[in-house]
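Below, each structure is written out as structure tokens.
What follows is subunit A paired twice: with subunit B in the first complex and subunit C in the second.
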Partner chain A sequence: MGGKVTCTLGEVKQKADFIVYWGGNPAECHPRHFTKYTIMRKSKFLPNGRKDRTMVLVDIRETKSAKAADVFLQVRPGKDFELLTILRALIKDQPVDNDRIPETGLTRDVLDDLIRRMKAAKFGCMFFGMGLSMTCGKHMNSAALLTLVAELNAFTKFVAMPMRGHGNVTGADVIMRWQTGYPFGITFNRGYPRYNPGEFSTVDVLVRGDCDAAFIIGADPGGTMPQPAIDHLKRIPTIVLDPHITFTSRLARVHITTAPQGIAAPGTAYRMDELPLPLKPALKSPYPTDEDVVRRINAALDAKPFWLPEDGRPRMLTAQV
Partner chain B sequence: MMRITGGRVYDPANGIDGAVKELRIDDHGRFVDAIEGGRTIDATGMIVFPGGVDVHTHVAGGAINFARAMTPEDHRRTQAFIRTKNRRSGLGGMAPTTFATGYLYAGMGWTTVNEAAVPVLSARHTHEELGDIPIVDKSTLALMANNEILLDQLEAGEYERARSVVAWYIWAAKAYGVKAVNPGGVAAWKWGHDAKQLTSPISGYDTLTPGRIITQLARICDDLGLPHPMHLHCNNLGAPGNIATTLDTLRHLEGSRAHIAHSQYHAYGGDGWDSIRSASRQLADYFNAHPGLTTDAGAVLFGDTVTITADGPWQHLLYKLTGRKWGNLDVENETGCGIVPYTYRPSNLVNAVQWATGLELLLLIRDPFQAFLSTDHPNGGCFWRYPEIIKLLMCADFRNECMAKLPEAIRRRIVLPEIDREYTLYEIAASMSAGPARALGLSKKGNLGIGCDADLVIYDADDDAARMFSRPRYVIKGGEIVIEDGEIRETPQGREFLVRPPCDPDIDAFMRPLFEDRYTMSFENYPVEIERIEHADVRPCAPAP
Partner chain C sequence: MPITLRLRRRPTVPLEAEVLSPDALADRSLAEIRALTVYHGKRQLPLGEFFDVDVEGERGDDLVLHGELTKVRWIGRAMTRGSVTVHGPVGMHLGAHMAGGRIEVHGMAGDWIGAEMKGGLIHVHGDAGGQIGAAYRGSPRGMTDGTILIDGSAGLEVGMRMRRGTIVIGGPAKSFVGLQMKGGTIVLLGGAELRAGAWMNRGTIISIEPLPILPTFAPATRVNPGFVGLLARYLHPFGIRLPHAPEEGDYRLYSGDFSVPGKGELLVWRPAAEGVASRESVGGGI
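Coming up: the complex of A and B.
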């Protein structure tokens, strides 16, 4: 199973009468989520707002978000995958051994109640955060949740959406996909895009010491990456484009100060549901935009001899090597 | 400047059928009467066609980009384009990357493509992708038939208001026309339902039926004077017995212009998967009796592909049938989208019926200015496989050879064995270029006449049509040689066609409160700025007085 059954946030705002947050703490990490898109919103279909919507929180501890929830399910750490798999079985009325349920930290009654509520919903939405996707099981957990949501569509309308953070990560994903077919973890070292997360992801390339230069825009790996990766960034010529002084800019050979996106530089940002939003700058900046800098670097590179070996005619591979 | 001499010219827009004729191109990339100097291409013994025009394809935007993300296993095995000085790298395959899309279309002699499904909400994304598709000219159609603000107006009987709403959306999307997908059905899918009966009210509405959406939206497109009529993906796609829905839809359209998208998927008889059969004859009869109506085939080719459509409920069914990956993206207020990888197998009776039905429609609809070459890329097969379809149309022996490989039981379900028509080169040129250009209202495309855009393709004559059409000798776009002998020479940036239909000046004040209630972005940020369109070419509308 793969894929993703999702929607834009406006659908949730208009229609979702059943909302699950799994492994996330929106009250503290996405503080506008409740009021802009989910439980607090009134709409044509849910005129009473909060009263018309049910919220379930699944997490390993009782965070501030639990106060907002109608139902709080405290899953035992590391047992998300088991819980999701049990739910997948229960929605289809497949037999589940009662002995397997306590290890998730929940009881049969609680799960039966959840199944009843999910199936009775007119429009359900599961938001999942890093408490699911970055803990034991990682992408297998996300896949289990996405599969559960896909399968729930046999009974009622259900969608899922990751709770993403950090600026315009989604925008980078989207553009890499249309230009190369892949969202991240891409190498061009054979002249065309290849993909292998774990091998070609930035952190892996740096830790192995495979690259001999680094060009960094809109990120601060110096603050988040493991020490061996940071050590390699220090060894090689690292160029950073950033409006601010950051961990990475301090270790870089070159730091070009650029205008901050959305404040003094125009562009497009993609929201977590992949909607493109135009950025309209409110201020002027004395610094160039990231786009200006990259264009000027490109122009300077174009003036140099072409860097790929040319054997007279362009080649087209019919099979990859 | 350039002259092309000695070639046999097929220019159906001007009734030219294989005459040897000299073509002259000026410095503005247009055909002219006379030039002085310039390069001469000696096309003696070669065949000259207007550049191909794809009336219905999915090459840019949220849906195809979702499909790219879902099919890394295909990217890994497919054709790769290596970076060169004048060419970006990329991948071909089921859902090609943007740069590769331009190279593959041009490499086959196609010079204009119409992206047939754009949610207005993410139109900005679509245009950004189109900006990364080189060489070809482009246009887009905005998805309208499940837009809840519009449906509310139609239910309330506010026709004038509805017309202005459509005009407002088209300009907001910087689109060229209107696409209707499963009218009412995608809106119902937001509640997990579908709309299969044209006369039953749709979920969430009291009286509004799919039939009424179809009739009114077609009339709106005509009244706004859009160059391309309503582009309709009918209700009940893919289902056995859906010919009844399709014919009913066509009757709802009487008195209006319309283009019926991928009609292969809408021409089945039978009453279940066990009894599905081709109903192409019934549909073709209707087209033959209604010469103003156009369609594209949505032909199916055997092999792997990925299906993408705004028809969310159908994709849920396909996911349940196949158990393969399923992507779904409902777009607030406007539309939906579903993605499922699929393999068409000759041994599968349903797939075999689909394969035959697409070809039958192209062969049974007599006028090639009515029935156009398409696979509804990537749904029925990838666009770069068009030469295979051309061969199937031009060569009855080859068709019979392919049919012999299908299960014996297929013969009772299709009419293809009874058809001996073979397309002529003239008819191919009409079906792949002049016809779709005319249906799109692009008067300077698909036409080698004086004043038209110098988009043309020159083939070495070859008895094997698939080989001939997959490797043109030259492709010329806007007077510039872009492909020579199968290699990419130049990668100019194409234009994007759009329209600005007339609308009530007070429409902004009407839309704003509705918009703020339904959407999650600000009203000012919603319309795509015209400055963001690379090489925008705003075409005129001819509104009804």
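Coming up: the complex of A and C.
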């Protein structure tokens, strides 16, 4: 089933002598990543910095990051899952037909060289981006990479980390996880958390039209989600909390402008390695913070009668049958 | 006589009605049935709010449901006896965890049909969603016995982590059929998209149509395994014809998935000569 073998960026900075970026373009999307945490960094264990580290880039086209890489592997679009599955077989010396490897865009020699390098590394780290997790295969591509990394630990230390995007997306996952046990795709309709991505994840709920209201904080689904989801957001009462007017605000019933986090509102942001960092506001804002608004909404809800019937305590799905 | 339920009010949000199972309804009076709790989103409401319940004469443990039930979930959950017949489309988790009895759907069905079922029969006369007979997220094994028959197409991850039992898909299935399969049999009469049998450990996937094979599978041999004949005889009463006679053709056997490394098998049907056994004559339509 997999699971994530991971560490903090501090450890990557100090120890990782083998770094793979898969389906990401850090040179343009995470411009400080090389110099702060990975290949350019000198450390106690890797005193020569760039010379002590090997970088591999796997992507469907030669991006700017390819110039920084020692090895660039151009995988054919939509073949990441096949490539990762072949690598899983090859690291265990399982037979793979050489004639079937070129369909991934790579050759047997290249893969043998990659595996030799991976196994020879003292501390390997794989960063994966949206080029892997949002293309054909979706969550199974991420699962394939995480499983490969877990299995590489039979030979050497290897970790994996997603390259997270804008804002505090990691924070949302982390908070949901310690509050409910699950990172996303959760329903509370029975009074206790249940997890089922595909059934309860936002985009699926909206596409099927399963919700009759939407409350959106610090996100812009109107700009990223498929058209049926946007149409449903237009149909139902949608409330948006955001410092800016977004695509979602334009189709929402209510938009509440809030103070921007880290600039005018204090709080905690989670770095992509799930390390919490305090945010101190530098400016004052005339707008309330997200927290203020949610607290006030909660206070107003508390004044209303509780939504479960008098004797109706939350009941497990298994209670009746 | 069966208990008949007609959808009176269409739910606007998902209606979780795991009480729509013979085990929950058979021994209850009409008034008790109407008072059973269903979850309309987060609201707890009586079943009578959504369904007209009728019983004619002597009660049995058979259920007949009518209406547009796309948003009604968990029908026949964990049922052990009797039957459920649905006239209309149904929502997710149909017959999940069921241990016995049979479910028949005249219409489409959603995702997670027969997820983690332990026995019984589910027959959907229409298209179905994904994760048929699968294991729920984080759970080690999917269906452990029973039979699921889908006349139409199917979605992603059919038979994900299934352990035993039989799944037959009449139309085309999407990607990741038999993902991480641990046993059991999946029959694909209409072929499948990419990555069939990915990460499978054991178990059998039989395809009547040509199938894209993952690079981590290896061609082994051409066979007409004896068990396909037995399976064909088991499926014959449902109107499914599975080719197995040597004069009709043979199966190309691929073993894998070597990335696990697993001992699963993929059997892809090859008619003896083109035109002799086309899709219409073998396996076409349940």
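Annotations for the structure displayed:
As a convention for this text, the second predicted complex is superposed on the first by the 311 of 321 C-alpha atoms of A that agree within 3 Å, B and C clash if a C-alpha of one lies under 4 Å from a C-alpha of the other, contacts with A are read in each partner's own complex, and residues count from 1 in each chain.
Heads up, the rule we're going with is that a contact is a pair of C-beta atoms (placed from the backbone, for glycine too) under 8 Å apart; a residue touches a chain by one contact, two chains touch by 3 or more.
All values derive from a computational prediction rather than experimental measurement.
Once the two complexes are laid over each other on the shared chain, residue contacts for A:K4 go to subunit B alone; subunit C is not touched. Within the superposed three-chain model, A:Y195 lies in touch with subunit B and with subunit C [touch as defined at top]. In the superposition on chain A, contact of A:L283 is made with neither subunit B nor subunit C. Taking subunit A as the reference chain, the count of touched residues is higher for B when subunit B and subunit C are set side by side. Of the two partner chains placed by the overlay, only subunit C lies in contact with A:I101; subunit B stays clear of it. In the superposition on the C-alpha atoms of chain A, the part of subunit A touched by subunit B in one complex and by subunit C in the other spans residues 1, 188, 190, 195, 308, 315, 317-318, 320. Listing the residues of subunit C that touch subunit A in their complex gives 12-14, 16, 18-19, 21, 23-24, 36-37, 39, 41-44, 71, 74, 77-79, 92, 111-112, 130-131, 136-138, 140, 175-176, 179-180, 194-195, 198-199, 214-216, 218, 257-261.
Those residues of subunit A whose C-beta lies close enough to touch subunit C in the complex are 1, 81-82, 85-86, 88-89, 92, 94-97, 100-101, 103-104, 136-137, 140, 188-190, 195-199, 210-212, 307-309, 312, 315, 317-318, 320-321. Every residue of subunit B that touches subunit A in the complex is listed here, in rising order: 60, 62, 65-66, 68-70, 72, 75-91, 93, 95, 97-99, 121-122, 124-125, 128-129, 132, 190-192, 204, 316, 319-320, 325-333, 336, 339-340, 487-488, 517-521, 525, 529.
Note for the complex: subunit A touches subunit B at residues 1-11, 13-15, 36-37, 43-45, 122-123, 150, 153-154, 156-157, 159, 173-175, 177-183, 188, 190-195, 268, 270, 274-278, 280, 306, 308, 310, 313-320.
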